[in-house]
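Two complexes come next, and they have one chain in common, chain A, joined by chain B in the first and chain C in the second.
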Partner chain A sequence: MSAVPLPQPTVPGFTAERFAAHLASRHAQPAWWLGAKQAAWNQYKALPLPVRTDERWRFSNITGMALDGFELPSEPAAAIPHLPDFPHAAELTFSNCQIVDRAKTILSAELSAKGVIFAPLDEALRDHGDLVRQYFQKYPVALGSDKFVALNHALASTGALLYVPSGVEIALPFVVQHTLSGDHKATFPHTLVVLEDQAKATLVEFFVSVEAGSAHFASGVNDLHAGAGSHLTYVGVQNWSDATQAFQSNSIAVGRDARVLSLNLHLGGRQARHESHSRLLAPGAHSEMLALTVAHGAQEFDQRTLQSHNAPHTSSNLLYLNVLLDQARTIFSGLIVVDPDAQQTDAYQSNRNLMLSDEAEASSLPGLEIQANDVRCTHGSTTSRIDPEQQFYLESRGITPALAHELLVFGFFERVLEKLTDDNLHEALRTFIQAKFKKL
Partner chain B sequence: MSNLSATATLETATAENPVVGIDQSRGDFKYDVAYEFDAGTGLSEKTVRYISSVKKEAPWILDFRLKALKTFLDKPMPTHWATKDLENINFDKIRYYLSSGQKPKRTWDEVPADIKKTFERLGIPEQERKFLAGVEAQFDSEAAYSNIKEIVAKQGVIFANSTEALREHPEIFRKFFGKVIPTGDNKFSALNSAVFSGGSFIYVPKGVKVAQPLQAYFRINAENFGQFERTLIIADEGAEVVYMEGCTAPKFSTSTLHSAVVELVALKGAKIQYITVQNWANNVLNLVTKRGVAHEEAEIKWIDCNIGSRLTMKYPGVVLKGRKARGEVISIALANDGQHQDTGAKMIHAADETTSNIVAKSISVGQGRSTYRGVVHIPRHLKGCRNNTECDALLINTNSRTDTYPAITVRGDANSVQHEASVSKVSEEMIFYMQSRGLTEAQAMSLAVNGFINDLASQFPMEYSVELKRLIDLEMEGSVG
Partner chain C sequence: MNQLIIKDLNVSIGEKAIVKGFNLTLNSGEVHAIMGPNGTGKSTLAKAVAGHPDYTITGGDVLLDGRSILAMQPDERARAGLFLAFQYPSEIPGVTIANFLRAAVQARLTEGEELNATAYYKRLYTKMDLLKIDRKFTSRAVNDGFSGGEKKRCEILQMAMLEPKFALMDETDSGLDIDALRIVAEGVNAMRNSALGILMITHYQRLLDYIVPDFVHVMYDGHIVRSGDKSLALELEAKGYDWLKKELAHA
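Right after this comes the complex of A and B.
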């Protein structure tokens, strides 16, 4: 395992006193919500830490997890990092778990008139409590991180609700920014997206550490609901510091003839685990699950996915691409489950690992559980290096080896990036990836 | 799965499961045998000491067994990943050792009449005459018959059961015994190490290429019995050997346990091919650990075909220990109603330029469940290692089930691994076309299924490949419509 020293605890971790203080600070919120938080806290305390013999944690460096010594920040940071800017419908910015510049981020009158809601979680609980209650963790993800999901519920204060009524189509993306500043700070973002029938929207979420050296803790959860015939695009950009312990759990529920595209870019974290569960709930549902990871140093990226085909005539397509440098480790563990009556399922799952170092390690566990016979299910997993001929060609044209690597990595990533139809968004992601290569 | 000859009748075919019943009827008979040696029911230190004493074993073997018993008792059932069906095993109700003597006979005439009848009915002596270099026929715990052709023996080939081999050739076998699969590898390898009996120990000297296959046949005759054979095959530098095993048991109302340990050692440049056609009755729990070590430029190939048993858990592996070693697993599984074929492969790359190939095809019929489980491991600092894995599953009925659980770990940028799997059904167009040419639906289905495994079946020795096709025809009968 990596020889990187574990961050030393400076303050006690998530204690009962801290939870009580957090709960007290939210006394004005609905009783059902506070009750749910208490129940989640109890669950967090009751659940054991992951163990090696749990198949859902196979290959994970469990002993390397750093959970202690983090605190929920109470003040926004002095500086908010400048993230790539692109045209967007509206933006919510959280700095150290506080909403900032709220006055500037009020939704346009036009969208409000259409019934669109885009509000921080606290406001949503105040103004649209029933909506939150209806969809909050309606479909939980059970891929191993239950304990950290429970912690998210218990301590969630930041996050957003995006609600798009029937038939409303919004071309420009909604943006949510979570940034952390200062050492040993924690955040528990919870984002809820509800698209009613035939609605169309894009949400982009950024998770960023301000200082590269600060140790952070993040446990985020998303509930994405796509109603019949709706189109939802979700993009998550994770660029925590290299000293961050990160968990993220995405629940994707896809209704009849709906399409959801989720793309997660993983760049930061000392140890970052990402779980994503798509449920294809009615005929015609389609989920496109995409991820790009650049792993360097002693980073560990642990990705667990589940494609549940609960209804006939559904399709899903998963493509997870990892680039590994230095002593980095990646784990991909995916499962396609086809229920007994989910005939005519078309499911695909692919994990490709590009090794740029002799010390990096990639583990791949592409799984299938099929209980219907009239299906098309395939998966593939490859692990290999850059084609030496391609590299030689680029170098023979005067391109440095490092730049050749970067170009070839973009070539490798292009099949995922090209699925983003929004060029500005495409460019924003490239900027993040390029910035990571510049640091190396 | 012995029925290579066409002589025996199908008089005992039962109607309780018309699909499974047909092929398994061949082995579904038993004769009452008076056993001279019986370790009784249940497992304790006494059982282990009994087995060791009737075998007149050296003290180190008894120590090995007793340590293994402790390991077995300490280890939990691997149900955190494996099927809960394992919890149905009641170790206290199993008979661990039954035999009519420890020394196998060298001619069929000396074999006790009722045991001989069993093997004749299974066609073993006939096959031996036809195309085998040597045969060992195990009846419950011990080999009733063991012989190799003189010409092979003269080349220095040793072919004996585990008791004989450890007593008479410890200098050859002790060095590798329990080294490829250590006692504590898993709960069932520990169980086998405590109570093992029978199996084949083979040594092929340097440069000797055994022209015809050696065969072992495993027969379970007694109810509530556990068969725990132990096989160790050593191919010295440049040697080559093909080993085949078959097995049958009568269908009892209670479940039977078969838990073997098979270790292969291919020294520099040697080649071992190990062929299994598993056709246990569908009440047998078949929990087998099989692994080989391939040294420099050596090659180990497992051809593993699982048709019988209630539950099979078996993942033949190769540790590629020397430069340019090669490992291959060809796996065919057919799971019918009430069966779970949990099979796969393990490839552990431990030297540069080692290559491995896994091709697994499974067919699930009715409510049968087939599972592929695999491990491919390429640790750091190795160069030029390659693995290719292909898993294809065919689902015949709407309620058939298949799972795929591979685990691939690669370190470094100088190796390449690819894994592909697909799940499909027999295409309706294909069936329609064949029906339009005058075939019945069942014939068309059989043809399609045989087509699905054809490229693998052709790697079996001819007799086995023909037999396999026949078995699939029978299994497919009644599966459509």
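Right after this comes the complex of A and C.
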């Protein structure tokens, strides 16, 4: 496969005039919010583009980064892609940064009565401003995407707030969909999830381009907050077009005895950077950080992670699995940091790459910074190829070489997929992965 | 009736010739046993016929119902009706037996034809019961952590589900204790019918007590040196392979 050509600028991109127009369109929003947006814009303008000499951007293809030429869409698209359907509590669908299908967002009377909030960002600012203010970007960005996170905040208009009060457990997942249509469109999704103590919920987020060939720009941010004893499952499915420049910065704050499982599936994008930072804030906190990537053509997936153990008796488990085809590139850089008083930390970090092509390139930079003396931390990375004996075994049963590859890839991914206890979600992810293989 | 003809077959691994002028005709309904000392090319023959990419066919032909299969890929040969029961089946972590077998069954359907899942599972469970395989096995990964006996039963299960025209069974008895051997043999015997031809490769005569062959061939130095009925196997058992080597040296 040849490299997808760089998008040709047709509009000047993220200029001061466009920001001013965006800010003006938000005039009814709280002053603190507008002030923060202005500050974020100033920060975006002040910060330079990343450089490869910055360890946090090592191996990234920075010269290929294209920010010019994109604009915020003004109209929702005529068509909204049909996403795999599974039983869910409620959904928020954004088409070209506009909320559509509003009826699907309405919570059941039971959930409303319990005080659950699930609302688009604009409405959350209007109706629950204090809540947003308390949690929105509560923690600083540590993994290098400050400039793109600032741009997200400056231009964020779409996004979601999920708030689950103490002790409320919701079995069915909440779904947020971000879809972009038309060439050179941009989106800045911001998802805020707050689980109070002992709450339990799942949020599934889709990032999807309607047309496979359109160039899109996305810079998304997630703030996940898990209160004491809560259980949060977050699943992100990134299926932007192969001409998309994507940034995503996720912050996961885990309270006492809380458990967070985050699983990100990366399929689309010309160049997709994903940062994920877990903060284990109090004893008993656990973060399960999982990712699956299928990289093909000239795609670059750049994944940076940080497991910050800020308190004793905390644990984290990271497993990032990449499958590489063609001339694709993946970068994994992960760091476990254990604070001096975070004794009894149990942290694990593993990046595994399965190469289906001799021309693909996987870079892996695992790291540890341990300042406590009574901890268990392990990390490692492996790069392997399909075992030709396994391949022959499958083919000797009449399975085509392409399907044999697919089966072996699913076998490789199973270590992550099996951690999703919800069968419907499991199936939805399989469907997305299968669709990508059908396309190849 | 179907026919598998192996004609003057020569097979090399790298530069080394392993199978040298091998000839055999196998008809549906027949069970042929190939015996011979280690390193004589029995497994190479089976894998080469199945299309293993490490083996180079340097001469001769393999005809399935008159058509050469040598230009066919391993998956095409399988769909044409060949089945190789491996001596050392691969472990495939993360792929369940149910998904694996479903993919193999589905591969045999014509374009657009849908697999009848209910019928598939019904058939699968029937075969599993026959082979005394616990139904929980379907959700286990293929051969992953299986005992030797479980692996071989899993091979026979696949054979039962895929209903080949010809099965090449490579050392199916190796690694089996007597109880497992009996179960595997019962499974194979239950499958014996006029539509299936079996080529059974074995080092020991023991297997032939349980699966009684119609023909026995002795393979040595890459080709068949003697053919007969079951009594040939008994003679070999009694006299050992050294007897044969000496006889061949005199000849």
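What we mean here is this: the second predicted complex is superposed on the first by the 435 of 440 C-alpha atoms of A that agree within 3 Å, B and C clash if a C-alpha of one lies under 4 Å from a C-alpha of the other, contacts with A are read in each partner's own complex, and residues count from 1 in each chain.
Going forward, a contact is a pair of C-beta atoms (placed from the backbone, for glycine too) under 8 Å apart; a residue touches a chain by one contact, two chains touch by 3 or more.
It should be emphasised that the depicted structure is a prediction, and the values quoted were computed from it without experimental measurement.
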item	value
Combined model on chain A: chain C and chain B, fit or clash	fit
Partner chain(s) touched by A:Asp85 [first = chain B, second = chain C, both, neither]	neither
First, second, both or neither for A:Phe412, with chain B first and chain C second	second
Touched partner set for A:Glu110, first chain B, second chain C, both or neither	neither
More chain A residues in contact - chain B or chain C	B
Where the C-alpha centre of chain A sits as vertex, the angle toward chain B and chain C in the overlay (nearest 10 degrees)	80
Partner chain(s) touched by A:Thr382 [first = chain B, second = chain C, both, neither]	first
Chain B versus chain C as contact partner of A:Tyr393, first or second or both or neither	second
Which of chain B and chain C A:Asp54 touches, first, second, both or neither	first
Partner chain in contact with A:Glu427 - chain B first, chain C second, else both or neither	neither
Which superposed partner A:Asp127 touches (first chain B, second chain C, both, neither)	neither
Least Cα gap, in Å, left between chain B and chain C after the two complexes are fitted on chain A	16
Common interface residues of chain A - those touching chain B in one complex and chain C in the other	none
For the chain A and chain C complex, residues of the former touching the latter	387-390, 392-401, 403-404, 407-408, 410-415
Touching residues (chain side chain B, partner chain A) in the complex	80-81, 380-381, 393, 395-425
Complex contact set, residues of chain A against chain B	53-55, 58-59, 340, 343, 353, 355-386
Sites on chain C touched by chain A in the complex	50-54, 73-75, 77-79, 83-84, 86, 89-95, 99-100, 103-104, 107-108, 141, 158, 162
